[in-house]
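Note that subunit A is present in both complexes that follow, paired respectively with subunit B and with subunit C.
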Partner chain A sequence: MSTKKQTTLRVGETHVQAVRDTFPGVVLDATWQAEDQVTITIPVDMLPDVVEFLYYGRGGWLPNMVANDERPLRGCYVLYYLLSMEESDPGFVVVRAEVDPNTMEYPSVTPRVPACVWSEREAFDMFGLRAVGLPDERRLVLPDDWLEDLYPLRKDSMDYRRRPAPVTDVEDYTFLYEGNAEETTQVPMGPLHITSDEPGHFRLFVEGEDIIDADYRLFYVHRGMEKVAESRLSYDAVTFLADRICGICGNAHSVAYAEAVENAQGIEVPLRGQYIRSILLEVERLHSHLLNLGLVCHYCGFDTGFQHFFRVREKTMDLAVLLTGARKTYGLNLIGGVRRDILDEQKLATIKYVRELRNEVEALVDMLVSTANFESRTAGIGRLDPAVARDYSPVGPAVRGSGIARDVRFDHPFDGYKFLVGMSARSHDGCDVQSRTLVRVEEFMDSLDMIEQLLDGAPEGPIQTENWQYTPHKYALGYTEAPRGEDMHWAMVGDNQKCYRWRAKAATYSNWPILRYMLRGNTVADAAIIVGSMDPCYSCTDRVTVVDVNKKSSTVLTKDQLEGYCRRRTHSPLAGKGW
Partner chain B sequence: MTIIVAILQAVLLVTLAPLFSGITRKIRAKMHSRKGTSIMQDYYDLAKLWRRCEVKEGGSGIISRLTPPIFLGSFILVAAGLPLVMQACPVPFLGDIITVLYLMALPRFMFALGSIDSAGSYTAIGGVRELLVGVLVEPSLILVLFVAAIAAGSTNLGIMANAVGTLQAYPFVAIVVAGVACAMACYIEMGKLPFDLAEAEQEIQEGPLAAYSGPSLAMIKLGVSVKQLVVASLFVAIFLPFGAATTAAPLDLLVGLVSFLFKLLIVMLIASVIENSVMRARYKYLGRYTWFVVGIASLSLVFLVIGI
Partner chain C sequence: MFKLFKEIGKTGDATIGYPFQPLEMPDGFRGKPEHNEKLCIACAACAIACPANAITMELDAEQNYLTWDISYGRCIFCGRCQEVCPLFAITLTKDFELAVLNKDDLRESCSYEVAHCARCGKPYAVAKEVDYARRVLSKAGGPAAADIDKIDLCLDCRRFDDAEAFQKQARTRGEA
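Entry: the complex of A and B
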């Protein structure tokens, strides 16, 4: 293969050629949006065949599918199936198909490639596009009390401020049961559960304490960010909105969005800017992984470990303060680079922090692994079968704990990761909670090494560029490896300096569909730790509800009040106002 | 005269229970590297709960209303009967091991019954788990007390305590082994980590406790603290009676009281250190731990039979 490969061949060309050879006459068009991204247009009825061929036949994985209302541009809806090719010729192949706005139907890919299930359900909720043959046609994103025929992301459907009145008072979501046992008890876990602190309704079908099957309803905190981005913000302000997708890994989203636009517009980020982006992404990983290691302890009923991991985690927050001025790595990204440089004294201080963290975390991990019951609580629990993983394209430590070393940082190196030496993706093949925890431990240590390497390797120079030509309606992918796995953003800018369509896929969005398989065969007692081992991020998944700007009960705080509160840390100005 | 001692020691245990759990909380905070709340916090919590109004689950009956007072009351009754400050039972008919064991089984029974009398699915799981702990632990406890009773020649706790305290209990090795088994069984019975299965917060959202509120919850919470003290005292009373008063003279009683509180504090300290350095046992594997305890308890019986 590699001998035949000529230097002039573009990334993804072998895949396009393979599709041409297997399905003659199907590829109507192939265009490259960026060096490693090609989009092929095919007739809509060929979707299942081509996506299945690329997925199973060519070593592709499917982050998600993006639906887009392009009626104002070319009179049709368009579907983009994003495929990350990870075996030979790594890169991204996007399969594009146009859907007739009169029928609003396309053949479902889910029966062939299960990884599409959530995207196709979402395409119906948001656009009313019906996947014919989709086994599960329940609502995914919209609440049960939403209107029957209002599809929020259609360009002509609604203003982003509109709040339609609920059409029903009852939650009538049906939970699907796929087990064999005839008599099971249903145990609801959530929508508010004591250990998950974020809303998600899990329905466990149990016999005694054994879980036979599980189903879940999420998106209780859907924020409608995509709609807001399209209607209210200019495209270069969306980096800051993308930060707010997640309370933990916002920076990863912000970078992914920025790179989507940069890739589409051909904007070259200066080298130093690329290094700084990677350093900040790794700082984010540090505190996120410590959070999860602490939570693993908590779910096992070992609060001592939980508190100690959180004590050490405080140091990673201090590191974030040092580098960004805030405890979260927020607000640092712009289209074209970053806003803040790392000075020499900050570099020295960072290296000092990194050394301290390495020692403290090593000691803590030793303590955790040697704690009584750690083995029995985590080994063999929440098994994710590699075959299920292959079908559903999960990401991050969840899949790496099942022996599949998928990691965007190494599969599709971007930013500073291109310059790392001697590193590779971590994986363990126990397929259980323990493996996923150990992957996180090793990745934490790797992150420390990466930060040191990146700090040493960063060249002098500018950190952002401001010279680029804005071309409307160009689109591309941006991707990062967030602590929980790959974040995939697809963005198309419009002719009004706004996003025409922005689709942010958070890591956890890819992981939810496999949870059902991880829960099966375990006990109610282990449910929390299994959900936790995936390190789910509800708000990430639920990225898209509009904050009601005209809410009557909203409280406006003055700057003085806020600053005073920051100093005193007592007498919250919001106290007694329903917060 | 001794009836006054009985009442006083019951009152003492009830008033001290929140203090002891407050101390436990403080130790936990220290081991967590936290500052922690005041050791008086449990008193504040109880006072606050007591003032709150009671919310009853729809459809719940008389059982769940009776559970809190019976739960608390049984343990107070046990506390009155144990030979704590004296090496004799203040109220002889309350100090028989059969009575004590049944008095300790009653609240468990009510607790499990109360958990079924609730619509919550987690409460029922908690009740089942509580019964499971009972089924697995009680046999060892009974066996151990039986060994001690044979060795002392009586089922009265006071006489047993006296026999152990004056080192007249025979055979000696059997008593020591029984003491070890009793300590382990009592630890599991206290419901601390890793054996707090019935109330596991992360797993089943505190189980049956979730169904109670206000004064009922206060009674249950106080009951749980008193239970921990009573179970620890049971062990202390039989196997560590040293220092307890042999006569009812005021000075002896005072010495007995001080030494009892000291011993209790040591036991609770050890228990809370263990509690904070382990993960919760998987409820499926509880049997493995209790088999171990049953093994040691049986060993003491063997030693008793062969007389060493």
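Entry: the complex of A and C
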């Protein structure tokens, strides 16, 4: 053995060293799962200190925390706090701690790092692991009528097909109010929401027309995919299930899952496969951003613009059909690569589409920003304070509209993004709906450039590999930048060709907790456009109930009424009803 | 405002004729899978590969027929079945109009006669698959076809034979 000291440090080594220096003796173990991923094991009572140190002290952001029932493996539950280090020494540091299955308790990190709040609530719902000191202990994922002591993701709890009978007929979820004003009126929006035709129950606390605070209840459409993946599918079929997480950005999930397994198993995807994955991710971004730009027009009362954005969006769908054989970029990923090559004639056709899209969207954007309504309805609306953003780790255009240029494609380049030249993350610092919209416009144009660069740069060669060794119980992260922000998947395969644990974090999971701050200080009429500017990946309301708690009266507003009010901003549907 | 009117004028008519005119899909479109029951040997490769369990195979109660079944309601049009089929018996077509009035119309199935083990009588594979294997082996000839008669036995009986042969071999070696 050579005694020469290794001069190059591994990615994340400086962070591990910093933790060792600051908290001597705390790091029990440090292992690298992939080139840019290190997991450190620490005693469970040190969690708040270490996570806070890495988050605020070392420039870390927290996508989520993964809980795992590892009792069959090592007799305990394990928590993995995933941290994306984005200042010096970029990479991923995962803080791992084992939880005693007898106490089922661990100290909550949320009081120190608010970004953990949803993950810690979810860990209780799914595993019964209690975060001591967690300020908000309400249910997050499970419905109100779920059994008290049935924790679905515990390995010994239930079959994935079991549907326990509801234990109660009442929805008894309590909405939290954090404002100061005493006399407020509660405006429930939902259980179906107004912007995207998907369920979510919003409670606006209003004073007159002004929103003082907002709270929400989501997960009405939780499909238990993680449980299905663990129980029914073999690990290489999960890419197809991951596609179905989202109806818009499914491919991003599929790539993230595939790369989680590939990183864990040390599978090298052939270069051409990597380029094709990036091209398809950008095609997905094209149609997603056009959808949102169309919706922005719609909420500004500019429906002609909406129609035109959707007309042009059809071209991006045609492009998807051309490259993948389906209008959605579904079903093209396998562990080890992609399933379909881009042929020469498809390449030429794609370049033609890209040119047409560039010209048409430029004209449409010009039209949108010169519309008087756009400026007045979006500037200064739905402010996301950068300080709040720092605490909650939001992602995608939502955070980039607040002057923080976080983008996985550039912070942790993967796949074809490693080879891009002359591009960087976009950001605007208006912190409002307008900034978020402009970020999307610029990203759309960047995506077109990226597709051209990637098509030109893609080397000849195979698109998938089939030779690898399957090692059970190895785990790693996979990440992509979906149109709405980073998707983070954590996967551990089992000894039965199945996922032992798969945790998929969608972009919007990181963004929901900040919505209440974006809604504060705005009027009810702006609620729809603010929620829309986050581009939430769930669907929407067909009606809104307005409750006056003081008078114990309630009024039901239809979706059309509320949307109409959002567009006109006159003739409040609440007028004449005692408000 | 002027830009808007200019754009509207330039666009003209964006509406297409579908459904009153056929809508042509490009090559490589992944639509309704078409099963060719004549080519199919019911080897179940597609049923194993299908991530959505749209393709299933079931043995009837009398153990005489194996039924291959597809539900277009479950199908996610990924085309894995086409990829894994050894005989190109299933291909994805450009057909995307799958709406039906009755849910049962979304299913298609096809039954295949099952071969029974010549010794123990247990059903072990579809007769067509056994025939296919026989033809492939006899065409290959040589050492591959040496045990061609064993194709009529189920896996358990063949294992038993192998074990017995091994035991005999071990005994003769031991005696020598």
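Convention: the second predicted complex is superposed on the first by the 528 of 579 C-alpha atoms of A that agree within 3 Å, B and C clash if a C-alpha of one lies under 4 Å from a C-alpha of the other, contacts with A are read in each partner's own complex, and residues count from 1 in each chain.
Note that a contact is a pair of C-beta atoms (placed from the backbone, for glycine too) under 8 Å apart; a residue touches a chain by one contact, two chains touch by 3 or more.
None of these values were measured; they are calculated from a predicted model.
In this overlay on subunit A, subunit B fits alongside subunit C without clashing.
Of the two partner chains placed by the overlay, subunit B and subunit C both lie in contact with A:R311. Contacts of A:V187 after superposition: subunit B is touched, whereas subunit C is not reached.
A simple residue count on subunit A separates subunit B from subunit C, and the partner touching more is B. After overlaying the two complexes on the shared chain, residue contacts for A:N467 are found with neither subunit B nor subunit C. In the superposition on chain A, A:F240 makes contact with subunit C only, while subunit B stays out of contact range. By the touch criterion defined above, A:T174 reaches neither subunit B nor subunit C.
Legend: residue contacts after superposition of the two complexes on their common chain; A:N373 is shown touching subunit B, with no touch to subunit C. By the touch criterion defined above, A:G301 reaches subunit B but does not reach subunit C.
Between subunit B and subunit C the least C-alpha distance in the superposed model amounts to 6 Å.
Across the superposed pair, subunit B and subunit C both touch subunit A at residues 304, 308, 311, 371. Those residues of subunit B whose C-beta lies close enough to touch subunit A in the complex are 28, 31-34, 121-122, 125, 193-194, 196, 200-206, 276-285.
Interface residues of subunit A facing subunit B in the complex, by the touch rule stated above, are 185-188, 193-195, 209, 297-304, 306-308, 311, 371-374, 376-377, 523-529. Contacts from subunit C toward subunit A in the complex involve residues 3-4, 7-8, 11, 14, 25-26, 28-30, 51-53, 76-80, 83, 92.
Across the complex, subunit A meets subunit C through its residues 232-233, 237, 240-241, 243-244, 304-305, 308, 311, 321-322, 324-326, 330-331, 339-340, 363-364, 366-367, 370-371.
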